[in-house]
Amino acid sequence: MERINVALVGAGRMGQVHGPNAARMPGLHLRYVVDPRPDAAAAMAAATGAETATLEEALADPSVGGVLVCSSTDQHLANALQAVMAGKAVFCEKPIDLDLQKALAAQPQFAGARFVLGFNRRYDPHFLALKQRLDAGVVGQLESLHIVNHDPAAPSPHFIPTSGGLFKDFSIHDLDMARWMLGEEPVEVFATASCLVNPEIGRLGDVDTARTVLKTASGKLCVISNTRRSGYGYDQRIEAFGSRGMATAGNVSRDTVQALDERGATAAPIAYAFPERYAESYRAQIAHFAEVARGIAQPRTHYAGGIAALVLAEACQQSMCEGRPVQL
Amino acid sequence: MERINVALVGAGRMGQVHGPNAARMPGLHLRYVVDPRPDAAAAMAAATGAETATLEEALADPSVGGVLVCSSTDQHLANALQAVMAGKAVFCEKPIDLDLQKALAAQPQFAGARFVLGFNRRYDPHFLALKQRLDAGVVGQLESLHIVNHDPAAPSPHFIPTSGGLFKDFSIHDLDMARWMLGEEPVEVFATASCLVNPEIGRLGDVDTARTVLKTASGKLCVISNTRRSGYGYDQRIEAFGSRGMATAGNVSRDTVQALDERGATAAPIAYAFPERYAESYRAQIAHFAEVARGIAQPRTHYAGGIAALVLAEACQQSMCEGRPVQL
Amino acid sequence: MERINVALVGAGRMGQVHGPNAARMPGLHLRYVVDPRPDAAAAMAAATGAETATLEEALADPSVGGVLVCSSTDQHLANALQAVMAGKAVFCEKPIDLDLQKALAAQPQFAGARFVLGFNRRYDPHFLALKQRLDAGVVGQLESLHIVNHDPAAPSPHFIPTSGGLFKDFSIHDLDMARWMLGEEPVEVFATASCLVNPEIGRLGDVDTARTVLKTASGKLCVISNTRRSGYGYDQRIEAFGSRGMATAGNVSRDTVQALDERGATAAPIAYAFPERYAESYRAQIAHFAEVARGIAQPRTHYAGGIAALVLAEACQQSMCEGRPVQL
Amino acid sequence: MERINVALVGAGRMGQVHGPNAARMPGLHLRYVVDPRPDAAAAMAAATGAETATLEEALADPSVGGVLVCSSTDQHLANALQAVMAGKAVFCEKPIDLDLQKALAAQPQFAGARFVLGFNRRYDPHFLALKQRLDAGVVGQLESLHIVNHDPAAPSPHFIPTSGGLFKDFSIHDLDMARWMLGEEPVEVFATASCLVNPEIGRLGDVDTARTVLKTASGKLCVISNTRRSGYGYDQRIEAFGSRGMATAGNVSRDTVQALDERGATAAPIAYAFPERYAESYRAQIAHFAEVARGIAQPRTHYAGGIAALVLAEACQQSMCEGRPVQL
């Protein structure tokens, strides 16, 4: 099997996850690292055996079959579009763009593209196993969901203004999971939120603690629980309820050691943050991208799904601001 | 310690829980059973060593110190009031009344009464342990709650018309738990619901699956998850989230046996319904009533708490009907 | 159903468990309390509504149908024999006697008696559920067992000289469980032990920490793990391994509350000691005795089983002393 | 950091674990694959970007700093010795040799060598976490251990004659874990065993189900539970008991999904076999070897430890054959 050359665009937080994964993936060869910061590009290139290049250089190389877009959020759409136009397979970190109108306007140009969107939780073995068991009827007819997504610690306040706000930046993963698990589109959204973690986040016009209720046309209900700071690690759980039972996907503990004394039982903390908790999902996502790039698999997470999640995130925002449920 | 004579009013579903508990409780003596159905009264009297009587006869006996009101819901208030007027200590099953105005109107007559309302979950050892750990600061500052209350199987549809509806009949326990755990009154309620379990319930104007979001003045959030039919037993859980962690009170399994084979692990079902799951809470509640009757304890669940939960239940109903959050 | 009058012999540690259970059991009436210590007898009688009497008086009362022998170990056999000779149904605490020869000599006189021996663990709902699942084939063909019986804290050293030693006093429960679960008699015993908890126990000629390996004719293996002091509560577990899987019965936690913070998870301690851990088994055992006394059930734990466990306990003792496996 | 060239000797079962790990390890470069079977060597070389070579060619290459010995058991010692003599750092799969006398005779030639023995469980994150917590005093003074090592399914009978028998082939891992966790050498060994899984194993003179009890000079006790076929996956657990509590390291489930219906709870199977269960330990072991090869770490598992475990395995064998405890 010949290896496909790929270029990594962006050697920042997510690039440091996806770059090494691509470099170690059988079937891929990380050929170029593109980053406007020369030091970041050079360090990633050295660690992975790649070369630094500009995006234009990388796209001009006919041996390059795929591009991993891990640039800053405001560059996602432009970089992805440029790569698609150059005929490359594209993996793009979420969100496509914070501006729904811009994302909608560009959508026709992605028609037919080999394009994988970074909704990595669909590749997580635990959530995947849950989805498979739900599809196999383990709870009978699915009726409701409870999705917990609690970050361990709040981001620095200066990230807030460019984040897109809690719903577009953070809840968007849960909105995508809701769509996937429910198997039916929400028609009503209600979101309510508070600023309990850091008052500075509130002063910047955002919230840090939210509860969202989605309802589908058939009456299925889904609650999303979000906080920017759990204080106990990266709480990532889904509970599904149906006509014959419930099924859950739970947290992963750091180790299996348990101790017991007169005061009670103690056990290890849960995985602290996304690189640890979702390591397997990131690898599986890049493996899937390799198959999409090779033309042997259809994208499991794609542009249209990114649009749909963004529409829901905007509805959450509107519901919170107007203090009422929003119909879709 | 002299035993206090008590009369049981109502030998139905809840009378069959509280009557035997009172009969076996050190400090109480079940003296009379009152029920308009002679057979039911006689059977309970025989099983507990009590005598049958009318309510008037029981209240006229000066040796009777307490009355357990377990009659049908529409008789709760009248029976309780009659017993209080006769100077007896009163235990009354929830709800005080389905009509908030009637309950409010009668409230002054309960001032100073030794009156215990049947919000039994406050006496459950698991929820009590959770409350104690929250009060001890185990999660830091409490920020949000998730309360799950799923009945194993839907009631017969002909119960629905006199039930008061899902919120007053069923969610009312959760609304009381929310008030207790939050330590702060909700100021906003949003409820949304579906009829997914039995369409007959919908034809009768009620719902069977609901999600309710409460918000307090300081921004604390509480979600209540209700269904009339879980399909997997009596799901009774609370999750509490705060500034430094989370704490949960979980389900009780029928036994501790676990098996493991190539297909996976299996374990016992959870307790199926309220008499099994809450057996200890019912005993503890009657033990508390014995202390209140004796004048050595103040009621932990009282008339005012019953009113407060009823106000919230009406707000849930209104929110659902009007499709918007209701301010309190 | 007429209630059977019973007499309690011995108002000490185990009498305080069985007396109140008999007093509250539908179908039994605790009529007499017999104890050489007048205060202990009177206190138990007052608490249960019984009268004090001598054993002779109680046995002479033709209305008495059953006797609960909870006297000191050296009186078990004499008291039980006297009651059986008087035609009463007898519940007797374990062990029948510390002297195997004495117990064997008396065995013929118990032929046909309605006699229930206090191997309470066979009535524990968790171990009973395990046994039922093993019988139903959950592990396929049973091949081996691991039995854990760890006391929370060592007894006072002055109990040691009259205890019969670790194997007869403590491991005897496990030897009975092994016989029950294995469904086949051990033919070889190896026991090795240390004195790690309290050197005073060693100076008195006993041990406090032991491991015993039993082997049956078909090659099934059973390990028993004993310590006099766990430091973490009353560890009572069984693991069963077979041709198709494993099944376990585990410890019971005091409550279901779990907390999670950055340092990890914490949960409640396990039940601390036998009155708490085995409360249900003690009630079920007396309920079974009521049925045996009434003649509607055959004893599930009987004299012959007591002898068999005693034979194994002596073999353990011999193996430990001689430093070699003992054949049976 | 310059990468160290290594040669893999043996592309069989364990070579297929260690070869790819070495190939992906930062700091190592898999240069040569040595295997007498040309196809096996070529396949591994192609998959890892290495070249095929003879052992002599690989050792003659001065750029080669390390050798991974994964040949058949009877070649371990000869291959390792040859590589050590050539001045290479050596990783060697366990056991060093099935013949204790041969291993002892060769020991002086390994003095000072950079030699890592493949007792991979010491690198497992769960057992490592347990060891760290024991060293931190989580159970107080350690008093006893229970080690469970159950293979999912028995090996083919034709593997048995060259396996060295259950104790040298299989229990040897547990004997090493016992030495590590106890922190004190056993002075007495008792082993008893049966052939319950496959009678063919018995006809070949081996056993498939064993229980071993170790005792140290200070009286610490350790039980090892072994079976060749669990029927439920790869059961790998350790329980440690001490003066103040217990601590355990448990099995790893394949995913966190749990389902609940009226019949009870179900969850995923545990990891099925060693490549899955111990994947992290194998990676960590090769990472450790890289540091040893580089001279920046002392071997955590070494030749002397291999000898010590072999001595214990022979004592187990002798105890079983002679039906008595063996003193060391």
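Brief remarks on what is shown
Going by the order they are written in, the chains are A, B, C and D; count residues from 1 in each one.
By our rule, a contact is a pair of C-beta atoms (placed from the backbone, for glycine too) under 8 Å apart; a residue touches a chain by one contact, two chains touch by 3 or more.
The structure displayed is predicted, hence computed values, not measured ones.
Common partners of chain A and chain D, by the touch rule above, are B, C.
The greater number of contacting C-beta pairs, out of the two interfaces A-B and B-D, is seen for A-B.
Chain A and chain B have CA centres that are 42 Å apart. With centres taken as mean Cα positions, chain D sits 57 Å from chain B. Residue positions 139, 231-232, 244-246, 260-262, 268 of chain D are each in touch with at least two other chains.
Against chain B, in their complex, chain D makes its touches with residues 152, 231-233, 253, 260-270, 272. Residue ranges of chain A in contact with chain B, taken from their complex: 139-140, 143-144, 146, 150, 188, 190, 192-197, 209-211, 213, 215, 219-221, 223, 225, 227, 229-232, 235, 241-246, 323-325. Considering their complex, residues 24, 26, 47, 125-126, 129-130, 133, 138-139, 244-252, 254-262, 268 of chain D touch chain A.
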